[in-house]
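In this document, chain identifiers A, B, C and D correspond to the written order of the chains, with residue numbering beginning at 1 in each.
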Amino acid sequence: MKIGFIGLGNMGAPMALNLIKAGNELVVFDVVQKNIDSVVEQSKNKAVSAKSVKELAQSKLDLILTMLPAAQHVRSVYLGADGLLENVSPSTLLVDSSTIDPQTARDVCALAKAKGNDMLDAPVSGGTGGAQAGTLTFMVGGEETVFNAYKSFFQQMGKNIFYCGGTGNGQVAKVSNNMLLGISMIATAEAMALGVELGMDPKILASIINTSSGRCWSSDTYNPYPGVLENAPASRGYSGGFGTDLMLKDLGLAVEAAKSIKQPVMLGGLAAQIYQTFSKLGSGHGHLDFSAVIQMFKK
Amino acid sequence: MKIGFIGLGNMGAPMALNLIKAGNELVVFDVVQKNIDSVVEQSKNKAVSAKSVKELAQSKLDLILTMLPAAQHVRSVYLGADGLLENVSPSTLLVDSSTIDPQTARDVCALAKAKGNDMLDAPVSGGTGGAQAGTLTFMVGGEETVFNAYKSFFQQMGKNIFYCGGTGNGQVAKVSNNMLLGISMIATAEAMALGVELGMDPKILASIINTSSGRCWSSDTYNPYPGVLENAPASRGYSGGFGTDLMLKDLGLAVEAAKSIKQPVMLGGLAAQIYQTFSKLGSGHGHLDFSAVIQMFKK
Amino acid sequence: MKIGFIGLGNMGAPMALNLIKAGNELVVFDVVQKNIDSVVEQSKNKAVSAKSVKELAQSKLDLILTMLPAAQHVRSVYLGADGLLENVSPSTLLVDSSTIDPQTARDVCALAKAKGNDMLDAPVSGGTGGAQAGTLTFMVGGEETVFNAYKSFFQQMGKNIFYCGGTGNGQVAKVSNNMLLGISMIATAEAMALGVELGMDPKILASIINTSSGRCWSSDTYNPYPGVLENAPASRGYSGGFGTDLMLKDLGLAVEAAKSIKQPVMLGGLAAQIYQTFSKLGSGHGHLDFSAVIQMFKK
Amino acid sequence: MKIGFIGLGNMGAPMALNLIKAGNELVVFDVVQKNIDSVVEQSKNKAVSAKSVKELAQSKLDLILTMLPAAQHVRSVYLGADGLLENVSPSTLLVDSSTIDPQTARDVCALAKAKGNDMLDAPVSGGTGGAQAGTLTFMVGGEETVFNAYKSFFQQMGKNIFYCGGTGNGQVAKVSNNMLLGISMIATAEAMALGVELGMDPKILASIINTSSGRCWSSDTYNPYPGVLENAPASRGYSGGFGTDLMLKDLGLAVEAAKSIKQPVMLGGLAAQIYQTFSKLGSGHGHLDFSAVIQMFKK
């Protein structure tokens, strides 16, 4: 396929490279020129750069994938005067893999549909590690026939490809899962810190939780207590991983989406405030992996 | 073995019967006579009843197991003038399977030790279903040599038998695990209710969460959204299962234990208040399975 | 003065009528025609109606006051193609008394300034009662010289007129005060419900709190416990007053504003979730006065 | 009157000295000998020391006042074998000014009554400053005729003397007021920090809040933002005042009392956790005035 790719940051760049490896032709764009240059170079010039969103949009593409930081960028890239919807052919499938609020996803998809373009919202999880390894999880919303036709496309970058239902549901799945994750991590941190302070060995405590009803990904795969899991960020000073401020962004999307439909999220709301407090405390912790939030509960 | 068993409620009775099935001699006692009668009858008179804790204590037993509602009962049964410590032979092993605070467990064990008795704290999880099926989880604190010598004893009533470290650590493991469980259930309830209100099918949402980072026992084994799991309490009107007021008791123990060592538990503290609010709302929900807490977040 | 007034709802209509009583000429507009008709009639035709924002803007006015429901309406009335900034003379002072987020207030003021117009943000508190009685509180942000020149104008509608500092600070003051109010009301509700359930007479408890360190407006002026204060909404079934959903809107603005500057608001965030839960519970409580939130804590 | 006084700590010592100044005879006791010596010396030997609670109890006193750190001490001083109830004459009025849970207060009073002694629970607020100045607030529970007969006695140590209703209600009033206070202080801290971070001057913000619906003692009398009130602990590095760990104790009593009657206290529960987090963070803040909790929300 001939694919346009917009947004070549930490996540986008390795995803673009995986698409090239899979044999696609790529036209790439980013607002930061060196991000473009880096992908072009790493692709050994197989990726071709565009000078603008508009030029990319007009490049007769089968599909355009966007991977942008936030809803405002999605709105600007899709809806701006020199943006995708004004300039793209109706036969091009649009796929947005940014993590944004479901309402914006639905608004942009509806406008794309009005212009004649199919569009999928397809946010990912799995972090930069998953992006590089091609093992991302894609949560995809949109028409099921379109999803089925392009499932193999997503498999070029990911391992678990979920169809979540109509437009925006990819974002809904992501926001719901990540809110649960954000709460579970703090819950695991509180439980591990409490048990250890009360006298238990952290490895033994984790092993019991992991075969009991407290079992969760935050405990059995990503335990926040240092030394419990050798490969978890907790065992390397909370470097790498999924930053506290990224978790804060996702929880912010969840709380906002809940507010927009008048849905209460008590623990979700408090979890967001706990990460915000932790992010700002002392000299700042926003860059640390989100499991470092355990430092609110232990020395 | 010749075993004394005190506390023949919903949990204790089936545990006692499993010990008889396994070939042990039992002397049983409960403050409620019909609980005694019921076990004696179900055991076809293999279980022998005692008239008091004191009579039971003096029956030349290898081991006494207690299964009592709360710390005050444990204190009274073990430490009272007519209680176990005053009347038992030093060669009898004492095992307390009540769920109580770690400090009381440690205090009672220390007093038992001073009288020359070995003692283990061994709270269980798995509910009445697990008690009947003999598939309980035991979390055991005390001396490791004692634990090893009696591991097969616990296997007569349970499936997973965990050694948690020194005295009181069985209670620590239980309280830590159940606090995490109590939070995770509300978190799952919030995430499921949010996702569904935002437009997703609950089964699809659960299936995505269950293979993603939000994965947890509360979602994949005990999902609170009606219809997601056929055998979960949510699919039978929240009857049976683990009552809201029992979860409230366990969260109360966790919050108290944390307070006693000046350890913060932010989500744990709020989760306790949410279950308390739910328990009291309207005509009362304390008897419903704790996953019914999702009714705070959906109609 | 010749004043344009846009937004003639429950708050705006009585404010407009007070300006007429004070001897000003008024040109009025609202998107709902009957709101216009009602003010024109109540003013005995002293208020003149405009057909559009644009017509009003072009009416050679000394001052235009807007009183709109939310930021999106402010943006549209001020920044739209047929809006105020495109059509108003630079000599007209613009005053926005809507309650919106500080950032939108600052953005609109900056654009007004760029067109040559002075602008003040001047949200109010005091409810419809205060609007009718002319006893509103105005919290005003903008240039101090402008504020001083127009202080007497605000006094025609209000009693306490506060200068809060630069542009947007009127909104900051309102959002900060109302977040504190929203939390205090729940805190008072919890404390009153707890004390009464523990055996105290609610009037005695309130009288002690009101002369002690728990003293607050929510207790001494607007007590949520029925029967404590004769004139509080609690003593008339929580009718009238300041609706739960309006408090929810203000807490939403506070939490959003905090998020935008990465500032934690733990109790503010939870308070918003508690009102949201209460608003949605059962058959819905959003229309009840916000002090009805005590029903979360007592039967 | 001839008065026995037990508990001569920071609060008790100045209270005892005020009773002497008022012309009473005092017999004093404390478990710390130097606390006794200090009061005897400061009283110029007008206070007579007892060697034990028992000796004091047998000294033919009109009234015994106890001022102890926690419920366990109250239980031991009143109910122990060498304690007050075993040794005091039925004609002696017992007054406990310790801050403890209402249930213990009610239990001890009922046992005193059974021995024939009238007893009042009479916790205070006002801190060491109020104790020295004789301006404490007393919240008194017990029989109204007894209260009326001894109101002037309390006025020798305090300014506001409240009758709260039956036995234990003094503790109920204190616990309810202080829970509200503890929440209000965090709420004020969040609101002040938010407003200032959004661009307002702290003094202006406080002055607006103090004449608006956010008005509360925590803002107008004890503002946590440095520099707003010259005499508040915030303006002297949070030294002196009411320690964070003392507020934590009072919130613990409130949360416990609520739990015991199955009453939810959502903000109360979270406030306790916030103070606990703050107390433990970094090098520890438990000794700082509780208004220092604002440091969770600002640098």
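The working rule: a residue touches a chain if its C-beta (ideal position, glycine included) is under 8 Å from a C-beta of that chain, and two chains touch if they have at least 3 such contacts.
From a predicted model like this one, the values you see are computed outputs, not experimental measurements.
At the far end from subunit C, in terms of centres built from Cα atoms, lies B. Chain pairs C-D and B-C differ in how many C-beta pairs they share in contact, with the greater number at C-D.
For the pair subunit B and subunit C, the distance between mean C-alpha positions equals 52 Å. Distance between subunit C and subunit D, defined via averaged C-alpha coordinates, is recorded as 39 Å. In subunit B, the positions touching at least two other chains are 258, 263-266, 270, 274, 277, 280, 296-297. Subunit C contributes residues 102, 125, 137, 139, 160, 162-166, 168-169, 172-173, 175-181, 183-184, 186-188, 190-195, 197-201, 204-205, 207-209, 211-219, 221-222, 254, 257-258, 261, 263-268, 270-271, 274, 296-297 to its touches with subunit D in the complex. Here subunit D touches subunit A in the complex through residues 270, 277, 280-282, 296-297, 299, going by the rule given at the top.
Subunit B meets subunit D in the complex at residues 252, 255, 258-259, 262-266, 269-270, 272-274, 276-277, 279-280.
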